[in-house]
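Look for chain A in each of the two complexes below; its partner is chain B in the first and chain C in the second.
Let's turn to the complex of A and B:
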């Protein structure tokens, strides 16, 4: 039966001819509604992406835009042999992996707390998500003032506690850690929200059955709940990884890549190359290498997460 | 009148009015050509000279000429970014830009700025500081009319230095008389002495200067480098020369001095240095001459009239320092649709009268030598006091004779970004002077190869 239907349909198309509106509508009707979106995608995303790849192959400084020389892999070669590039890769990985891991653990832990109803839980939930709705640039500014070693409120606290003045953004051993803590403060609520929604979607009968079987809460969590929420966890981790790789605003408002180069992430380096040195070709090559790193890392982490969970 | 006829009459009147309106709208642009008000778009730094242009001079110019100047105040790095992107697109949105002079080679060589040589008479050229004109030019063409100059000068707390108790204590501890330092060794000794001492109930530190990564620490370090006879590049800017004995000696002195700055100084910007001076938490400061207006502002300063100024100490007694020069210039975009009007406004901003007016309003130090003897400035006193407002001018004039600009080549902005990191590693003690400078050399050579 399916075969004869297909034959009939093809015949009908043939009879109506190829030039008519009805043929066009049948042939492309499904695509037409998507056309504006596709066009938007091409203009706003695909073209710039290809263009950036093209200019990454050129030696091109924006201060003299008419002088554009083809350099082939010159920019990529320079980058891959540049110690500052590898330093930025290291700094970015430290930032991303530590921040996102801790946000995941904390977000899940807080979600488990809020999974049980308790008085005032709604109010507290609303309070918890407040940092997430503040613009990162504002978070950066607030942090700069709060942690200012001369007059910041945190400095008053550390002095009151007998710890003396701590230069959170100026001390090479503390600066990156401070940025990670700020990121965790801002983005743990995002993890919490997704984890809470995921936990609320876990079928209660599975938990009840495990309880009847005599499983302890810890075993229920690791053996059942974690497995059931693996996809929301994967989505949350992927989103946060991508976002954390792009970190820029907080660095701009606080350390500006310093002290020395300890907070010099990939995105900060791209800004330096593109807007301080105006070396657009180099910055484009930098962006492409960063894109490859982000895609590879996210893919790897997702595989690890989902395979790990699936194998349980 | 029947209802439908009334409606017809109303419709006809409306149509006639619309036709007349359309005709007028078509004719007006042509008629208005002669009287069309030109509006210039300008970007200035949000420093006092930018504010003075926006709030005082631009409105005055509009009254005098009918030409409106819309001034936007934009931060330093943002001006650079904006110029680069607007110029790349040959965008005429802005006619006038306020530039850090170190961008003149970059945008001058790119052909994005209009020559301004025709704006200056021979008298103007003789009156304007030669160095200020040189840093506004590239390849012999003037692209930036100087708006303000401010070389590094040494600030010191005159009340502290004049206090007999402090003088006696200093003499007892060091065996030397306390006087404004004339050599680097004296300055270091004084900074070390004052660092962490108490004065009038508060802790004071040895000195303050810009030290933040980016350009701040480079700008401070350059004054040391020049003072010790060092140079950042060879003559044709083809190689970095930061590992010379002069550069090493200068950097060692600078790194040693950095130990006597307030906590958190590795992030010190111009504003932080100003705040420290206003709050009286430092004994000395290496700061732009122009910034002195801020410490004499009773609304924000606890040290009004307390600061005095001397030349940056020399390496040896009887020697000569070479302070690093800061200066901002005004340029006209090649893509401006009102280039002539923009040039006229630029020239008007820097007439002798306006040079003095800007300075008197706190808008940077004058760019004309003659302005430094203008009674409007030289006789001005702080409110309710005999202290001269512009008491720094003698020192500024001396400093202008020996001041040196940043490395003047098209890659300067990128250069200072690259050098800043290794310098900060030195200032924080993470690298030795020799290793840090060798790293800076390698990074600069790498930049040049790009």
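Let's turn to the complex of A and C:
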């Protein structure tokens, strides 16, 4: 960072005299190690950003021999009037909002179970956190195996319960719900871990004081604890939102956007446009709209979470 | 309000009540944990089943372990190669991440500079960009330098993907270290670099290891970039898994064995890093 003047906080020897290598080393030596990493980050982030902004303004299909033509806002106009785009927006929001809110509620509930120690809690916690480190590709395969209409274990259970065979991925009414349940299975442990850490960070004297005042546990939870853990909650929700918008691997392994278009998320459609239709100008415009949607949603949800709590 | 302390005889019913409550919580926690663990158990169980046992009408919940599927995964396909590719890519990108990350994080934590906060938050903001949104430009960039299909394209992308996390975590670990310890070393006449290597790094080792494990897990599990940037000879384990599923033959025992092989290393890693998992997953925001 050439624009930043470094003053060494500790251990620096300031001698007079400037100019030459030794002056440079003394002045910038402490921050010089940052250069390679920062350069790498700048190249890898700025270049794709600018590049995709530029190509989003072009009509450019890799399979088209006439190649690039400037299109202005053509791609964006095409997208905003396209029903499949709005379908993907709807599907993605349904997926993200339902999954993340249920994960938060379940994670918090399970964290309350684990809040006070009991024999064997460490072992159970170790079992509970496993789903979130399973590669999403494996999750996709495993769910396909378990939900298989012919021999899956879940089919065995639904038949035993008298519900018959259910095609969870093939039924248009069920496919998205099934993906949401899978996401909840994989990511509730993440919420649980953070909520548990958050609860353990609540100062005990506040809870004690509320108890002395004669407040019931339920009231203590809603009046005090929920307010005290709002920052960890906000961080966890923001991170989950960011990741839920990315959902791709599981769809790739299971429904591939189908049946019809009920699991066509934004990520899936961008992949489809860029790597199947090779329409990369369109895909780049799509990427920009998606980025705007993600940033806007995360900002809005954070504001809601932190303001609503603060106004109490 | 002053509540009287309960007299001796009243203590025991209270205790019994507390015990019942604890037992109820423990029971509920057990059921929930088993529910979440059940699919993983089912995967490992299927991997250990022999032949047609996986397709039996009445599924068995306990089997005599048969490691044939694991052997077949290595002998009948290139999955062993895919696993070693994954290992190489994940380890290399993790090492690069730690080296680049520490050299950004340490000055960010210790040296006063203009725009410090802005730099830190700019790095954090990179985390919000969906990978799918940058994959086309990255693909074209890597193709123009002839790196698509090469292992190194993945090393580069994973290093980039995990660097923001690494910087934020390491910055926190370095900042947590009391400056007095480093000052003592300066007084002894050691230079900044020697102090960093001899004092700072050893003292923050647990944090460094936890960060490394997280980087490894994220790189190991990644699929989107791996699927697009690798060629036939350089596919990683998650990509290799997809090839087991063909319309013609779906050999679930072997798929589950391969899946278990993918999950096992990160499981061990996650359990080893458990103490730092929360901090790592929230980029240091929750300790």
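Rule of thumb we're sticking to: the second predicted complex is superposed on the first by the 276 of 312 C-alpha atoms of A that agree within 3 Å, B and C clash if a C-alpha of one lies under 4 Å from a C-alpha of the other, contacts with A are read in each partner's own complex, and residues count from 1 in each chain.
Going forward, a contact is a pair of C-beta atoms (placed from the backbone, for glycine too) under 8 Å apart; a residue touches a chain by one contact, two chains touch by 3 or more.
Note that the structure is a prediction, hence the values are computed from the model and not measured.
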Which of chain B and chain C A:288 touches, first, second, both or neither: second
More chain A residues in contact - chain B or chain C: C
Partner chain in contact with A:275 - chain B first, chain C second, else both or neither: both
Partner chain(s) touched by A:126 [first = chain B, second = chain C, both, neither]: second
Touching partner for A:94 - first (chain B), second (chain C), both, neither: neither
Which of chain B and chain C A:26 touches, first, second, both or neither: neither
Which superposed partner A:227 touches (first chain B, second chain C, both, neither): neither
Common interface residues of chain A - those touching chain B in one complex and chain C in the other: 275
Chain A - residues contacting chain C, complex: 1, 3-11, 29-31, 33-34, 36-38, 40-41, 44-45, 47-49, 51-52, 55, 110, 113-114, 116, 118-121, 124-131, 133-138, 141-146, 151, 153, 156, 185, 188-190, 193-194, 196-198, 201, 212-214, 231-232, 235-236, 239, 242, 245-246, 248-249, 252-253, 266-267, 270-271, 274-275, 280, 283-284, 287-288, 290-291, 294-295, 298
Footprint of chain B on chain A - complex, ascending: 59, 62-65, 78, 82, 84, 148-150, 165, 167, 169-170, 172, 255-261, 264, 272, 275-279, 282
Chain A-facing residues of chain C, complex: 1, 3, 22, 25-26, 28-30, 32-34, 36-37, 39-40, 42-43, 46, 54-56, 58-59, 100-101, 103-104, 106-108, 110-116, 119, 123, 126-138, 140-141, 156, 159-160, 163-164, 167, 179, 182-183, 186, 192, 195, 217, 220-221, 223-224, 227-228, 237-238, 241-242, 244-245, 252, 255-256, 259, 262-263, 266-267, 269-271, 274, 277-278, 281-283, 285-287
Contact footprint of chain A on chain B as seen in their complex: 77, 80-81, 84-85, 87-88, 106-107, 109-112, 212-214, 262-267, 272, 275, 410-411, 413-414, 417, 421-422, 424-425, 428, 430, 443, 446-447, 449-450
